Amino acid sequence: MLKIGPYEFQSRLLLGTGKFPNYKVQKMAVDVSETQVLTFAVRRMNIFEPSQPNFLEMIDVSRYKLLPNTAGAKTAEVAVRIAKLAKASGLCDMIKVEVIGDPKTLLPDPIETLRASEMLLREGFIVLPYTSDDVLLAKRLEDLGVHAIMPGASPIGSGQGIVNPLNLSLIIEQAQIPVIVDAGIGSPADCATAMELGADGVLLNTAVSGAADPVKMALAMKLAVEAGRYGYEAGRIPRKRYATASSPMEGMITS
Amino acid sequence: MLKIGPYEFQSRLLLGTGKFPNYKVQKMAVDVSETQVLTFAVRRMNIFEPSQPNFLEMIDVSRYKLLPNTAGAKTAEVAVRIAKLAKASGLCDMIKVEVIGDPKTLLPDPIETLRASEMLLREGFIVLPYTSDDVLLAKRLEDLGVHAIMPGASPIGSGQGIVNPLNLSLIIEQAQIPVIVDAGIGSPADCATAMELGADGVLLNTAVSGAADPVKMALAMKLAVEAGRYGYEAGRIPRKRYATASSPMEGMITS
Amino acid sequence: MLKIGPYEFQSRLLLGTGKFPNYKVQKMAVDVSETQVLTFAVRRMNIFEPSQPNFLEMIDVSRYKLLPNTAGAKTAEVAVRIAKLAKASGLCDMIKVEVIGDPKTLLPDPIETLRASEMLLREGFIVLPYTSDDVLLAKRLEDLGVHAIMPGASPIGSGQGIVNPLNLSLIIEQAQIPVIVDAGIGSPADCATAMELGADGVLLNTAVSGAADPVKMALAMKLAVEAGRYGYEAGRIPRKRYATASSPMEGMITS
Amino acid sequence: MLKIGPYEFQSRLLLGTGKFPNYKVQKMAVDVSETQVLTFAVRRMNIFEPSQPNFLEMIDVSRYKLLPNTAGAKTAEVAVRIAKLAKASGLCDMIKVEVIGDPKTLLPDPIETLRASEMLLREGFIVLPYTSDDVLLAKRLEDLGVHAIMPGASPIGSGQGIVNPLNLSLIIEQAQIPVIVDAGIGSPADCATAMELGADGVLLNTAVSGAADPVKMALAMKLAVEAGRYGYEAGRIPRKRYATASSPMEGMITS
């Protein structure tokens, strides 16, 4: 069970809603993923314009917890403004803090992310900052009181997977709050790896929406997150340099 | 659908039966894995001694295709002798050729593996050789007419996972017969990686039987093989150096 | 030529002076390394106590630029105090900012590192902050006006080498000031890798002082830094999936 | 000192002579590399046609040991024929056995390589087979009596570097004869890594001849091989998960 603030989720896969080929494929992908948390860029949603088509109208919003993000913000102030817009819609009180510091890498700005998180906590939001895998920055965010930390695996949409398993595992080890690996996931194996490191969940978008078959990939990701979680809980065998027979021959009566 | 010789399988996970804590755990692990192929060392099975307890008695053998292996053989001749013993039991006509060249690494002897495979094909067996990830050796085995190739990911029981994804992918690319990644798997992510490379299946044993909770790990492996296969079929996004926004801001009417 | 602030160095290897077996080995290692920058913890040096033995007395200090570090500081204020102590000795005006946020990983505290750097720049120091490989934090430090950035390869003394080559290369790509890879180097190959990524230098200590033969390892590191730098300048071949004959046979008149 | 059969070499870098931009660059690269062993494809050399220009005429052949290779051979018989041609020139009695099994990967054919090696040993050659990193195949070759084993790091000319450090280190561990890592080297760091694994030497060609500046890259490779060798001999520090202070603060009298 994944607990974020007051909410509990059976699913540990958080799904972004950007860039699907069309609403139908998106809805099918969301369905088979069995996600319970949908994230989206507030600034891309016409949540105040009922005349505009909108993905949120296509789905049964009551079935999902919505996690709007502040994509587009370069400063804490803008991020807070976007978050308030989202909350004003009445649809959500969780916010993914996303303050980008560089348009080429879309990596988060650590200082503005910290500031935005602090400001949003004061406003009563359930705050989930997207951050780098800087271990001490994650600690700072936790000390502020954020409700989950979302370190990136690699740059957004890059599909590079988990570049730095060491830092992710150090963040997980130190955290008392959920750690959701966010950004950079490319394939199911990346999801499984994140979960085997002990992550509490995975957030991804492009890896599904940009796949040749987004619906099948959504299924693959769902299964991979479960596989990785069970694998983590089941306690894997140690890595060894040399072999160990699975069918040892010692002490056998041989023909 | 995985086809090996005349047989078809829904499951792409082949499970070894060695070194489980006890028969009950083993049976539960086999059940949740949903495997359809069980492999075991002929020399460890008392298949001709009905008075001895035996795992094969505990399960409904009719539900599984049995894949005995020739573990313990250091030469082609011994491997053939073991294979014939297994066939004489009437339980199976598939054989996993396993001719070990070194007790420390348990890596296969390429020449004896080739010879044993050739001899067993002449005897009418369905032949699945366990081999190294040598690309040309895999080609030689296929040219002989074996029914599947089983390159190792890393030394048996080492849990090191896929050390050489390049060779595995080259073997998969050239093969017209099934490629089952065998040996060295440590965790669900390893399974997913193998399947994403395009493997037709995964054979593992210690990663499940040696886990702290073998039954949960069997479930994890089942899910990971499925996740990796669906991921392969779904067509993953390319890896890129730089980021790509999942929520692009271009062309938006912003507040 | 490595330029840091007003100083120029032929050597791109910066060497730490901690934990050598004895002063004689240390001196020999420093000699063969051909380093021109020696770093040391101010708090470990008895620079104000002439009665105490001290490594700095053993060497010809005029031959080296000294780079004291603020190890032991957990806050910007303490770091600044340590830096001023060092400067007061008259031996140096460069300072390696080292503000540790966690005793287990010895990873730097990003906020205090930023603050300390800002304060020390105002005091007129040549400032080289030891930082994580967070790309945006490195940018923030550069924007402050620091004279070089020193991102860690992995935790201090861990010997894990370069865990995240992506982030290091992004930092190098964006920087207009020297990037010195600091901390975590384990072997010559790690040095070569750092330099091939385009780093301007490498700072290491334990990899030499903790080697079985520190003097020989100092020589190895010197050569590796040069090899990596020349390799970077020489322009390596691209990585390709398939082979390319070095002795192509096309168009040949064959026997 | 590298000993191959009756020969001793100070340099552990073996250099191929294919595909340099021109003879002048090639000669300069050979010079700065300080190699003592030059390898070349017999079939590309017009060693019997004095009217044709030929790299071997440009250099002082007496300074180098020549290591012709059998590139172009797909069978043992052709390899032996090529080797005899080379020997008949009176220039060399060493031969690099290169029997390629696949034109796309240029990976060696294990069976023909074994056969060719056996035949050439009977003919009195100093035999250095280029082989895959199959551990047991390397053992077979050593058992035949070859004078060095040359496992590939990755496909020829691919620049992928050392894909499987495990197999290389297992080959090195078991071998009583020199192990020269051959093929796939892309950069100085790859050389250093090979040598740190304990290899006795490195053979490369495209990484130098195909570099933007082949002469500078030749120098880089020379330094990297030395760095890696010294690093191996010097005994590196172990890899650890957590940090170790190079400037420990325990027991210090602090200000």
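Should a chain be cited, it is by its letter among A, B, C and D, assigned in written order, with residues numbered from 1 in that chain.
Everything that follows uses one rule, which is that a residue touches a chain if its C-beta (ideal position, glycine included) is under 8 Å from a C-beta of that chain, and two chains touch if they have at least 3 such contacts.
All values derive from a computational prediction rather than experimental measurement.
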Path length in the contact graph (chain B to chain C, fewest steps): 2
Centroid-based (C-alpha) most distant chain relative to chain C: B
Cα-centroid distance, chain A relative to chain D, in whole angstrom: 46
Separation of mean Cα positions, chain D and chain B [Å, integer]: 34
Chain A-chain B separation of Cα centroids, rounded to whole Å: 32
Junction residues of chain A, two or more chains touched: 105, 107, 160, 166, 241
Interchain contacts, given as pairs of chains that touch: A-B, A-C, B-D, C-D
Of chain B, residues touching chain D in the complex: 101-102, 105, 107-111, 114, 132, 134-137, 139-140, 154, 160, 163-164, 166-167, 170, 174
In the complex, chain D residues that touch chain C: 16, 18-19, 40-41, 43-44, 69, 71-72, 85, 104-107, 155-161, 186-189, 191-193, 196, 205-207, 209-214, 216-217, 219-224, 226-231, 233-249, 252, 254-255
